[in-house]
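Both of the next two complexes hold chain A, though its partner changes from chain B to chain C.
Showing the complex of A and B:
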């Protein structure tokens, strides 16, 4: 019997090939039919700082959450062991570089001073010395198997055998760590080779050399093969996507018929635009589809305004950004609201305020998105719980934007953006492109015709059609007007479109309930907490608490009726909200929009993902005590 | 007497993350710190000061830091391993993030 679920950490210096390792291992696992989700934690702009990949693997499905402790820690350097040794469960395994055994925690310059003294204190409390060898002793005492290899010997051999330039060594260190992980998990070398081939693609030499590394690792660690063997995969994957959240959204934008994307580079949004740049011109069965114009503008003000311009010209357009960039876009969003311009803003939240934690996640921009921009006008905010949801929701965002002629904010976050997962292929049969285009009526064209809430939208340049756009209040033609009666009608039209959205968008796309109703509690959240929330609901059922998870997908207009209906059915008892923020602001939004009081709140704002172990514990605490607010903070 | 191996040679340029391996500045090849050859030249303070004058900086392997003046060099040289320069890994550029 092996493991049906297993969690591991790969750690090393930022910029040392860790991302490559994650990609190789994920693809090798997917190739053999395992489900994988892997979160990437890294420092901003500081090369050499400790970064790590936290991965969950399952033989049954795509895992939905990350958890501690882990079964396996694969370290590229001493700092990784010092930082994570407490995360390895007893019976687990540590793989490390033998050459750094003498390294002391006090000798590692890249560790932040406060963390270094905390680790030194912990080691002292355990009666251990400050060097790596002592930590190995502590781990062995806890029943952890420690497996060392000399990286120096392998790298030296590679340099001599292939004449490799030392500048490219990290590509082979990633070979060492992926090979050792694969060996321990009982993956075969063919699967591993497939991983190398997919990641190094055209660079055949790199594949060959990494296979050589794998052979060396296999020779030396033969006796440990399958020490943490995974169960034979039972997933029903025939084909899966192995992709990040950024990738999935980009793919969905192509499917949705995107023709213009603007961006100013910002973490963690830029990768989406980089992906789209690769497919500016796509060929399907010999026919060129597209093209998509992707423009890197001088700033986010230009990004939103050029996307609005493309929208006025009649194409599907969007921009992607994060908090600091979004703040610059809000005047443009207000202009889009005034001019009823459909545009999609894909907003990947990260830790704020200001530059904050550029490479860490958060959900602290909920209220800022729902209430962004001056003046009153219709605007829609959508969120997505996981990679697959993000695919369908991206298409939905364009459909809503065009049908109702308004800006749509698709509110995602770094956790989704930067995590890689095995994703079942989206069902394209479910995808509908609804542009909401109405024929332009004969006669004099009125862009802002008041006969209906949604006026016929003609693209700029339509022959024989004239229209005017201005930031000022305007009449039906678009001419500036300050006349009070027109003001009232035009103002109301722009807002009342929200009622249509509220009435016409199916409830299932606004709010989704998971689990059997009629239980003991209702956990409510939105966005990327979905996976861990679902797992926590399952986990806590084993402790005797039955409950549901309510995933609020449409954040604005808030699905008031739908939420009240769910809460009414569950008797309004024991409602707990969870969010990556200080305030757990979804509770306040629900209070404002639906008049419900949610006192119990679970908050995390370290920028690190909420893990299953801590959420289950926090949930249990809110259910079994008078404690209303639990702040969780696990993870380095 | 300093052991005559690459790790102690002034012409050894350590890899920025894995200083046990690096480049020989004489032969321009990959070597490990435990290798040796007959061109060994100890990384003495004079050699390093010389390099500082020529290159404008030297590298402290222990601290992972670039040193740019004599005072600094002398302070680090007491207990730290110094080199003329480090080998910067090419993956750094690929993984460094914009913000």
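Showing the complex of A and C:
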């Protein structure tokens, strides 16, 4: 018997190849039929600060959440062990570099001072010394198997065999930790080699060298092979997509028919545009897919406004950004609203305010998205709970933008953006491209024809047709008009379109209920809390509480009717909201839009993702006591 | 729509102050567009906010009246999405060189085939006469309570330094000259910039039409003036000459073409070397879905395009 689910951490300095380890390992695991989700945590830094990959693996499905404690900690350096040793469960395993056993926590400059003293304090309390050797002792005392290996020896041997320049040896550390993780999990060397081949692709030498490293690791750690063996996989997929949230959204944009993407570099959004640039045009079976013009603009103001320009020319256009960039785009969004221009803004939230926690996640921009921009006008805000949802929602975002001629904000976050998951291939048979293009009526064209809430939209360049746009209030032709009667009609038209969205978009695209209604509680959230919320609902059922998770997918217009119906059926009593923010603002939005009072709130705003263990505990606390607000903060 | 015989004058009442230099610019635009036989449905005027920003409403071609300072980004998106369109930007000095200065520079770097026309009146007209980025230090126009405490930026110098490949100046009331410069700017392939000295009768009592009438002189009258870069090696020397000439201001103010360089690739050309199919197949002309609303990318194509991210599961037996 092995493990059907297992979580692990791979840690090391930023820039040392951790990400490569994640790519290789996730591909090797996927190849053998395991489901994987892996979150990447890193500082706003290029080289040297502590970063780690927190991964969940399952033999049954794609895992939905991350959890602590972990079964396995694979460390590249001493800092990783100091930072995470408390996260290893008893009976778990630590893999470490023997050469750094004497390192003291007080000697590591890259650890932030407050953390360093906290670790030193913790060690003292445990009666341990400040060096790594002492930590190993503590761990062994807790029943953790510690497996050390001299990285130097492996690397020196590699250097001799392949004549590698000593200065570039450090890039093979990634191979050591990937191999040792694979070995401990009971993956075979062929699967590992497959992972190397997929990641290094044409660079055959690198594959060969990494396979050599793997062989050395296998020789040395033979007796530990399969110590944390995974169960034989029961997953049913024959093909999976192994991709980050950024990748998935980019893929969906290509499927949706995106033709213009503008961006100004910002974490964690830029990778999406990079991906699009790579796939800007393809030719398959004689069909051209694209071209997509991907442009790095001078700032986010140019990003949004050029995307709106492209939209006026009739193409599907979007921009991807994060909080600081979104703030700069707001005036453009107001123009798009005023001019009924379809445009999609993919918004990956990170920790604010200001530059805040630039590389950490959050859901703190809900209200800022829903209420962004001056004046009143229709705008839609969508969110997605996981990679696969994000795929379909991206297509939906374009369909809504074009059908209703308005800006759509697709509100995602860093957790989704940077986490890699194995996901089933999307079902393209389900995908429709709805552009809402109606024939342009004969006669003089009126871009803002008042006969219906949605006026026929002709792109700039339509033969024989001319039109005007202006951010000023305008008449049906798009010419400036301050006449009050026209103002009332135009202004109302732009706002009332939102009613159509509310009436026409199917309920399950706006709000989705998971679990059996009529239980003891209703957990409500949106976006990336979905996976952990679902797992917490399952987990807490084992402790006797039955409940549902309500995933609010369309945040604006708020699905008032749908929420009220769910609550009517399941009772307004124990409603708990959860969010990666201080305010748990979905509760306030629900109060405002649906008149629902949600007192119980679970908040996390450390920039680290909510994990299963802490959410389950917090949920239990809100259900069993009169504590209304629980703030959680686990994770380094 | 055929360009010939089309009236480019729209039926919107022109609400600029009587005597405003913008009238001269508008007339020159009508004439230039007529001479170029532009198809109104394939032509777009994109403007910013200000008195100048209203211009597209007065012209019978597509008009996009955008945000303060942002006409260039809008125009960039329009042009890249549909490279068949003729795109002309009109903006004030506050608009293009103050709030929108970053975009102004960026367009030069891209050398995208867009014309930028600066209504240079030294003031923020629409907000009632504050100093604009082209008003010299210490100048005190009538609406200013105190003399200008900031220096002026030289639009020609900035355009040349930013990489515009056609840089010219004209004067709002020098009708024929202005029309010709606009025609040349539209014909030029790449980013073109026209600085138009534009009297604001209401707020600028220094740079008036009397002021300009006495001072402007035509560069093309000088047989030795040759602003054209014919080979890349000449670029720096011609740039320096253009910059030097643009510093001439005071008793004599040159108008005409300062700099032309057709040896620099346009953004469209750079894109086309990357995208291959561009500009023939472009965002606006390409298909994204079938008649029954299905995406061009079906399951088969999906697997081919994204094969790098797909893992075929091979469980151990």
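The rule is short, and it goes like this: the second predicted complex is superposed on the first by the 631 of 636 C-alpha atoms of A that agree within 3 Å, B and C clash if a C-alpha of one lies under 4 Å from a C-alpha of the other, contacts with A are read in each partner's own complex, and residues count from 1 in each chain.
Convention: contacts are C-beta pairs under 8 Å (C-beta built on N, C-alpha and C of every residue); 3 or more make two chains touch, one makes a residue touch a chain.
Every value quoted in this text rests on a predicted model; they were computed, and no experiment measured them.
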Clash or fit (per the criteria above) of chain B with chain C on chain A: fit
Included angle at chain A between vectors to chain C and chain B, based on C-alpha centres and rounded to the nearest 10 degrees: 90
Touched partner set for A:151, first chain B, second chain C, both or neither: first
Partner chain in contact with A:299 - chain B first, chain C second, else both or neither: second
Per-residue contact with chain A, leading partner among chain C and chain B: C
Which superposed partner A:290 touches (first chain B, second chain C, both, neither): second
Touched partner set for A:44, first chain B, second chain C, both or neither: first
First, second, both or neither for A:175, with chain B first and chain C second: neither
Touched partner set for A:559, first chain B, second chain C, both or neither: neither
Three-chain overlay, closest Cα atoms of chain B and chain C, distance in Å: 19
Residues on chain B engaged by chain A in the complex (per definition of touch): 13, 15-18, 20-23, 29-35, 62-65, 87-92, 94-99
In the complex, chain A residues that touch chain C: 27, 30-33, 188, 191, 198, 201, 232-233, 235, 237-243, 247, 251, 254-257, 259-260, 262, 279-282, 284-285, 287-293, 295, 297-299, 301-303, 305-317, 331-332, 335, 395, 422, 425-426, 428-429, 431-435, 459-472, 478-480
Complex contact set, residues of chain A against chain B: 12-20, 42, 44-45, 47-48, 76-77, 99, 107, 109-110, 151-153, 155-156, 159-160, 163-171, 173, 265-267, 270, 355, 358-359
Residue numbers on chain C that touch chain A, as the complex places them: 1, 12, 40-42, 44, 46, 49, 54, 56-57, 60-67, 69-70, 72-82, 84-85, 102-103, 105-106, 271, 274-278, 281-284, 286, 288-289, 293-306, 308-316
